[in-house]
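Next come two complexes, and both contain chain A; in the first it sits with chain B, in the second with chain C.
Let's look at the complex of A and B:
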């Protein structure tokens, strides 16, 4: 009994330690505007880019991860979407600018669900729209010459039937 | 903001439609290279396109890209035993089939007394069926919905024309029906009044000059859920008078679009 009891205690102790370290372990995300956001390790699981970095470094201490391309505003929007389990209604409330930014961040952090959600939301916005609308939407400058554009329009003529008015 | 990264943009475009991807290639040269990418066009192809390509009667074609493959699949071509023609719809990438008259089950179709089989100008098949004379007019066709694109509203259309000597076809309306599982759509149609093929609505099988003689009779519509037998039928057996001169080319099954394809956008 005695030996077994000790063994048992040791197991429990190890378990408690593990749980404690799990609970403590947090990730600090530093945004482009210098704000540090402390997030649970479970949150980071979906951010595969960060997850891969953590797996590679294998440290027990809190990790600081700089996000030079992500503003605190966008990061907090992402946290809202994640805690809201990616509700479509939350997506609808985003501005076009926010939607594009979040899509880019989702792509950069390799967040599959979020990328899927935002990409399809943007797709809905540009579907059946004119070329000029899409240029304006993404703020893209046309670098085709008028001749090239005429030629391209000819090759894809069928694609321009029944496009929505801007 | 800066331009969305390549894979991000490709991801967005893959959620649009072939039509949108084509038109967006005019946005700029960078967007063009994204809009032409395999990552985008792979999504527009039928998921089992490898298997489909292997079923073509003459399977000797090569393509340089997924977009190229898409445009090749848009061209109708014989599949399986050659009694069916496969194509995908340009605007949506959805699967379409044209079943030949030989693929259909026509009551007394094998009796030369009632029906004759011959090549008809403007048909994509070697033979069409011409009604000599009969009072029991019944044409049935079937297809497994698993061969079509999933979760799609389809229409079934009987492709016919009438010979100059045609008679008795318009005395009574014909009954048309489409049945899938427990769901059944039915109606009546007057063969005499069926309209000439409209070039705008039948973009799947582009109207060549000789094609303009064919008319379409809508048999009904159905929605594809799972692997189910779709049974399509046209019959006029109530009037016991003789009918003749109807030429049957086959049944076309293609997606049915509601008036405005997209209601999205600001």
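Let's look at the complex of A and C:
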């Protein structure tokens, strides 16, 4: 009776170990340019959108998650940032386009730390910059008529003091 | 071949998303983090941003940030003021102490060698003046720091004031356009009165 109990315990232990090893299984992320990137489950934990998807679908050990809006270049940049524990220096080295794209992906995948980091970096970039710089940076089309813009600039004239060079 | 083509198409699609405009919720996330002391110039970017900057949600965030910024600036100014006060308290004590020492030394010297009294006191006086100069210089430096602190507070408050003025104006004009009552003439009258005010100034 006691022996059988031990045997049963051993079986349960093995099962638990199997469950655990399952949890360390990797997730395959497929980028917009058709590259499959294998990442640890722990990496995906920060990507709340994927995490929610995984929680919703009772997955087996092979998870493939398509990212049609993310290029492999941007995904590898994100991995660099994550493994570098979101070092500010790494962020500074990103191009404007990379920064914007990473910010969008962070928003899409609901990665809070990365979103805060990139949104702050962009905010730093555009503060005290000219209106033209901001428009260009965000690809915003100026939908004011010339008269409207002149009027608005006049009203906020003093606000343009101390604008940095683009 | 077809694979290559498809890949090229996918790449083209990716390129399109690169130049795509950021979604609005993301814009708000970014705008809320802009540490610009006056966000008014951002109103000139486009119509959406014009209303976004005076959106109550954004204004609330901006006010909170402004208040905490101003509080920080004020506490820094207070710190510098306290440091200056300490310096000021210490400075005359230093001067007096030196005088006392000098007198004491002079006294001793007088007893020992009376002839050498004059050049010695001159050297001492010079040393004292040097010390005073150092003290005055550091006091001046501290005062300059406080001046910079106060200037920063002044600018920050001025920015906040102008922002609030514009915000209130947009509130008034939007509420008057809703009611379309005779009170709609009030913003124009208030603006004319403010312009006449500026004339008298």
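General observations
Heads up, the rule we're going with is that the second predicted complex is superposed on the first by the 141 of 166 C-alpha atoms of A that agree within 3 Å, B and C clash if a C-alpha of one lies under 4 Å from a C-alpha of the other, contacts with A are read in each partner's own complex, and residues count from 1 in each chain.
The rule is short, and it goes like this: contacts are C-beta pairs under 8 Å (C-beta built on N, C-alpha and C of every residue); 3 or more make two chains touch, one makes a residue touch a chain.
Just so we're clear, the structure is a prediction, and the values are computed from it rather than from any experiment.
Three-chain overlay on chain A, with chain B and chain C in a clash.
By the touch criterion stated above, A:32 is placed in contact with chain C alone, chain B being left untouched. Contacts of A:101 after superposition on the shared chain: both chain B and chain C are touched.
In the superposed model, A:123 lies in contact with both chain B and chain C.
In the superposition on chain A, A:134 makes contact with both chain B and chain C.
Taking chain A as the common frame, chain C overlaps chain B at a single listed stretch, which among 7-15, 97-105 or 151-159 is 151-159.
With the contact threshold set out at the top, residues 97, 100-101, 103-104, 107, 115, 119-120, 122-124, 126-128, 131, 134-135, 138-144, 149, 152-153, 156, 158-160, 163 of chain A are in contact with chain B in one structure and with chain C in the other. Here chain C touches chain A in the complex through residues 7, 10-11, 13-14, 17-23, 25-27, 29-36, 38, 40-47, 49-50, 162, 166, going by the rule given at the top. For chain A in complex with chain B, the residues that touch the partner chain are 97, 100-101, 103-104, 107-108, 115-116, 119-120, 122-131, 134-135, 138-144, 149, 152-153, 156, 158-160, 162-164. By the touch criterion given at the top, residues 1, 3-5, 7-8, 11-20, 22-32, 90-91, 203, 261-262, 264-266 of chain B touch chain A in their complex.
Within the complex formed with chain C, the chain A residues making contact are 32-34, 69, 71, 97, 100-101, 103-104, 107, 115, 119-120, 122-124, 126-128, 131, 134-135, 138-144, 149, 152-153, 155-156, 158-160, 163.
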